[in-house]
Amino acid sequence: MSTVTDYTSDEIMTVTAAHALSGAMACFVGIGLPSTAANLARRTHAPDLWMIYESGTLGAKPGTLPLSIGDGVLAETADTVIPVPEVFNYWLQPGRIDVGFLGAAQIDRYANINTTVIGDYGDPKVRLPGAGGAPEIAASCREVIVIVRQSRRTFVESVDFVTSVGHGKGGTDRADLGLRGAGPSRVITDLGVLEPDPVTRELTLVQIHPGVSVDDARAATGWDLAVSPDLGRTPEPTAEELAVLRALTGK
Amino acid sequence: MIVSLDEGIRELVRDGDTVALEGFTHLIPVSAGHEIIRQGRRDLTLVRMTPDVVYDQLIGAGCARKLVFSWGGNPGVGSLHRFRDAIQNGWPVPLEIEEHSHAGMANRYVAGASGLPFAVMRGYTGTDLVSHTPNIATVECPFTGERLTAVPALNPDVTIIHAQRADRRGNVQMWGITGVQKEAVLAARRSLVTVEEIVDELEPLPGQVILPSRVVTAVAEVPGGARPSYAHGYYERDNGAYQAWDPISRDRDSFARWLETDVFGGAGAAREGGR
Amino acid sequence: MIVSLDEGIRELVRDGDTVALEGFTHLIPVSAGHEIIRQGRRDLTLVRMTPDVVYDQLIGAGCARKLVFSWGGNPGVGSLHRFRDAIQNGWPVPLEIEEHSHAGMANRYVAGASGLPFAVMRGYTGTDLVSHTPNIATVECPFTGERLTAVPALNPDVTIIHAQRADRRGNVQMWGITGVQKEAVLAARRSLVTVEEIVDELEPLPGQVILPSRVVTAVAEVPGGARPSYAHGYYERDNGAYQAWDPISRDRDSFARWLETDVFGGAGAAREGGR
Amino acid sequence: MSTVTDYTSDEIMTVTAAHALSGAMACFVGIGLPSTAANLARRTHAPDLWMIYESGTLGAKPGTLPLSIGDGVLAETADTVIPVPEVFNYWLQPGRIDVGFLGAAQIDRYANINTTVIGDYGDPKVRLPGAGGAPEIAASCREVIVIVRQSRRTFVESVDFVTSVGHGKGGTDRADLGLRGAGPSRVITDLGVLEPDPVTRELTLVQIHPGVSVDDARAATGWDLAVSPDLGRTPEPTAEELAVLRALTGK
């Protein structure tokens, strides 16, 4: 496999996220970067990936990248289409989903996620779309992968609103709350990959993308970023991966 | 049973009502929403899991006093600017919000459809929704002692949906992604279904959901009534219209012009079967 | 994934298990029940809303220690005599019973399928079931204070159903009256589905219910596996066989002869894909 | 319409029960006498009767009398077939059903019904099929009609097991329990028709079939039977009703 160096930071983020998926995992997919990454994985190394969209399409195999979670192509290619209450009650809640893919407007050092509001809830600076399926995806999937561009606006010391619980206040907080999934296992950004510390659950930089320095990552993080002593380097995307990705996104 | 759209809205939607126009990307009852604007309804409590462009329009037109929802946005495009203007600036009227998760809203409809006052679920735990949304509670399992989340039933005064077909007796047929529409209709005191066409016989189809006429208050034939969303088997989603909404809705004046031409203008109303 | 019937029962059903063989007049997994008898399973807790002839046979053969149910009878014919003999006389082994209503059992499966420890419903109130069935409780609505009924989740160790078709990857398709089978499979730790045929592609059909392969542990091709009940699109119900069961089952000796010839006899086993 | 006098007591019971149904009522139908009566009504004076069987068939229009609540003909002729949980949760529980039709092995003076056991529950004389859908049908339908052959074995002072609540201990007992439907409004037997007293809710003989005396009814009742001062007489079945009924039952 030949690698290339001519790609955007969004592209390596998406390819890295796709690598997190494998085999016949059941993957709860949101629109945007998560959907792109999951569809890329299904078209490259994980053809049996089983994608579920919250509109009720189980095992969707879209030929083109859907623009919304309710595109007709999802229904046409799905193993079955179920009512929305069953998505949450029969599939997500009992822990049948291996991986949940989430985005974030803000994320903190324990991977708690805000997609609700910037500023004060009653008098917001920016009103965001809100929770959608995220709180229960974060709670009930066996693990959660967050895909988000890294910046000080996004990676904040404390999120303005906890829409979806990551690791709470760290340590055993998540389990103490009674949440059954393991929570965010990876945060994949345009700069690198962060994973929670096994004990404290604080997000730790474990991998950086080619051409990115630890200082770049620190500069884009609103708290004193922990860095793994075994910091890895993300492999370059292959030409095939980039070709498939660009065919998907039309870029 | 079979009515015109303007008659259906006039008879079924009253000022101050709790109204759910449901749809999940697919089959969104857009024309019915525009007719509500044309008829000048006020003080509505609007309910929907995924308020999108038509809710932005209803809010911008001043129909709503409150929004109960779990995700508000222009899918694939971005934010709802009329919604933002209402909650950030109280324009044109202040908008109260009550915010849930999708799982919570879906379960609230299920409880409403089931004649129960509440639903039990795993959800919301540890989130800030709990402290900002008053009607999230806990309930203890009488067998295991485990604490779970409870949400109250949703029983709209009227639910409005769009479907592909109805027969002349008012039985409704929809297929493709059917979202939470069945539960939203079953939970409502009254219901209005706009359809692409009224037929003599409903030919059975894979994936169909049938709403028997006895749970449907009225049916109106409104071809294209879900545009710019889509109707599986009839027409595709007009993604350009969703993108075009963004600049229109960013500005109060351009929104006012859009209202005047596309909703109140004769062509829009005629196209949509309104007055 | 794709197994023979005897392999499926051997691998998935263990002595002492809680086993649900569900079906609602239609698609009753009779051959699977006979294979359980042939393999001599003991101490099973059998679960089903409507235990009928095949449960009478399992009980008469001594496989069951307990029955959890809501209506036990030979539909259109009368009582289950082996069931009566077991609970009235402890023959061949004592049978404990736990008795519910249909609504209660259906909700118990729904809770089990949903990963919840209990379900809320309106039911049982004022009946003597409340004092005779320990796991019926009350729960208070945290919003209205209303008292409702709670029943615990049902999570069988294994659920067995019969369906019309599966594909080679183990996706299951059934249609017609599908009862509570989807919920019973989703609620179970393991599941076995016997099917009329295994096909390359599942052609979509109106009214179909699809069980994705990831919730199905094993599929066995057993044509006629629901006889004497019926498989919509394949064969009709053999009403005569239900009537014939009445005299056979009234008498222990005639039942023993029936077991010997129809279940353990080579012809029966061969016909049903058992050992 | 000509009337005939050559009919069985089961036939006049069934015809009388059919008369209790009208218009486009939603009727929850059990197998046996209730199903026969409902199908007779749909074929005679109530063509819009909407029948729901607990197997999930809504608006079934069977061409022949089904032998079980799950016959294929019900699914083939229904407006729609729904999962069993929805029958109870989405249709019965919210009070959408006008009339529930129930049978009984024992019934008492307040129309409480036993279909569970004769004798002691732990050491039964006769074990019956059990509850099925009856407890919630009795609780949640707007009204309940009971069809049962009248005898001292069946009409007992006190049922051995309350499977389905009629009017409890009488008076306002039913409402006090929180049951939302009105409960049994009529008990139709092979001898006549009983209705609950408006105040005490005690079953009162209000109508007797042709050729039946009040003493016959008293002799077939295990308590001191109240008789209405305005006792009516059931009209003879019409020839058409009997013809349709016999075509249905094949007798």
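Order as written gives the chain letters A, B, C and D; numbering starts at 1 within each chain.
Operating definition for what follows: a contact is a pair of C-beta atoms (placed from the backbone, for glycine too) under 8 Å apart; a residue touches a chain by one contact, two chains touch by 3 or more.
Since the model is a prediction, treat every value here as computed from it, not as a measurement.
Touch-path distance (fewest steps) from subunit A to subunit D is 2. Looking at which of B-D and C-D shares more C-beta pairs in contact, the answer is the pair C-D.
Averaging C-alpha coordinates per chain places the centre of subunit B 40 Å away from that of subunit C. Subunit A and subunit B have CA centres that are 29 Å apart.
Under the contact definition stated at the top, the residues of subunit B that touch 2 or more other chains are 115-116, 121-122, 146, 183, 207. Annotation for subunit A: residues touching 2 or more other chains are 89, 93, 140. Viewed as a contact network, the protein chains fit none of the simple shapes, being neither a path, a ring, a star nor fully connected.
Pairwise, the chains that touch each other are A-B, A-C, B-C, B-D, C-D. Within the complex formed with subunit D, the subunit B residues making contact are 113-116, 171, 183, 186, 210, 212, 214-215. On subunit B, the positions that touch subunit C within their shared complex are 115-122, 135, 137-144, 146, 148, 150, 152, 204-208. If you check the complex, the residues on subunit B that touch subunit A are 24-26, 49-50, 69-73, 75-76, 79, 83-84, 87-88, 99-103, 106-107, 109-110, 121-129, 132, 146-147, 176-180, 182-183, 207, 209, 230, 232, 236-237, 239. Contacts from subunit D toward subunit C in the complex involve residues 31, 54-57, 67-72, 74-75, 81, 83-85, 87-89, 92-93, 116, 121, 123-124, 126-136, 139-140, 161-165, 168, 174, 177-180. Subunit D contributes residues 24, 26, 50, 58-59, 79-80, 89-90, 93-96, 140 to its touches with subunit B in the complex.
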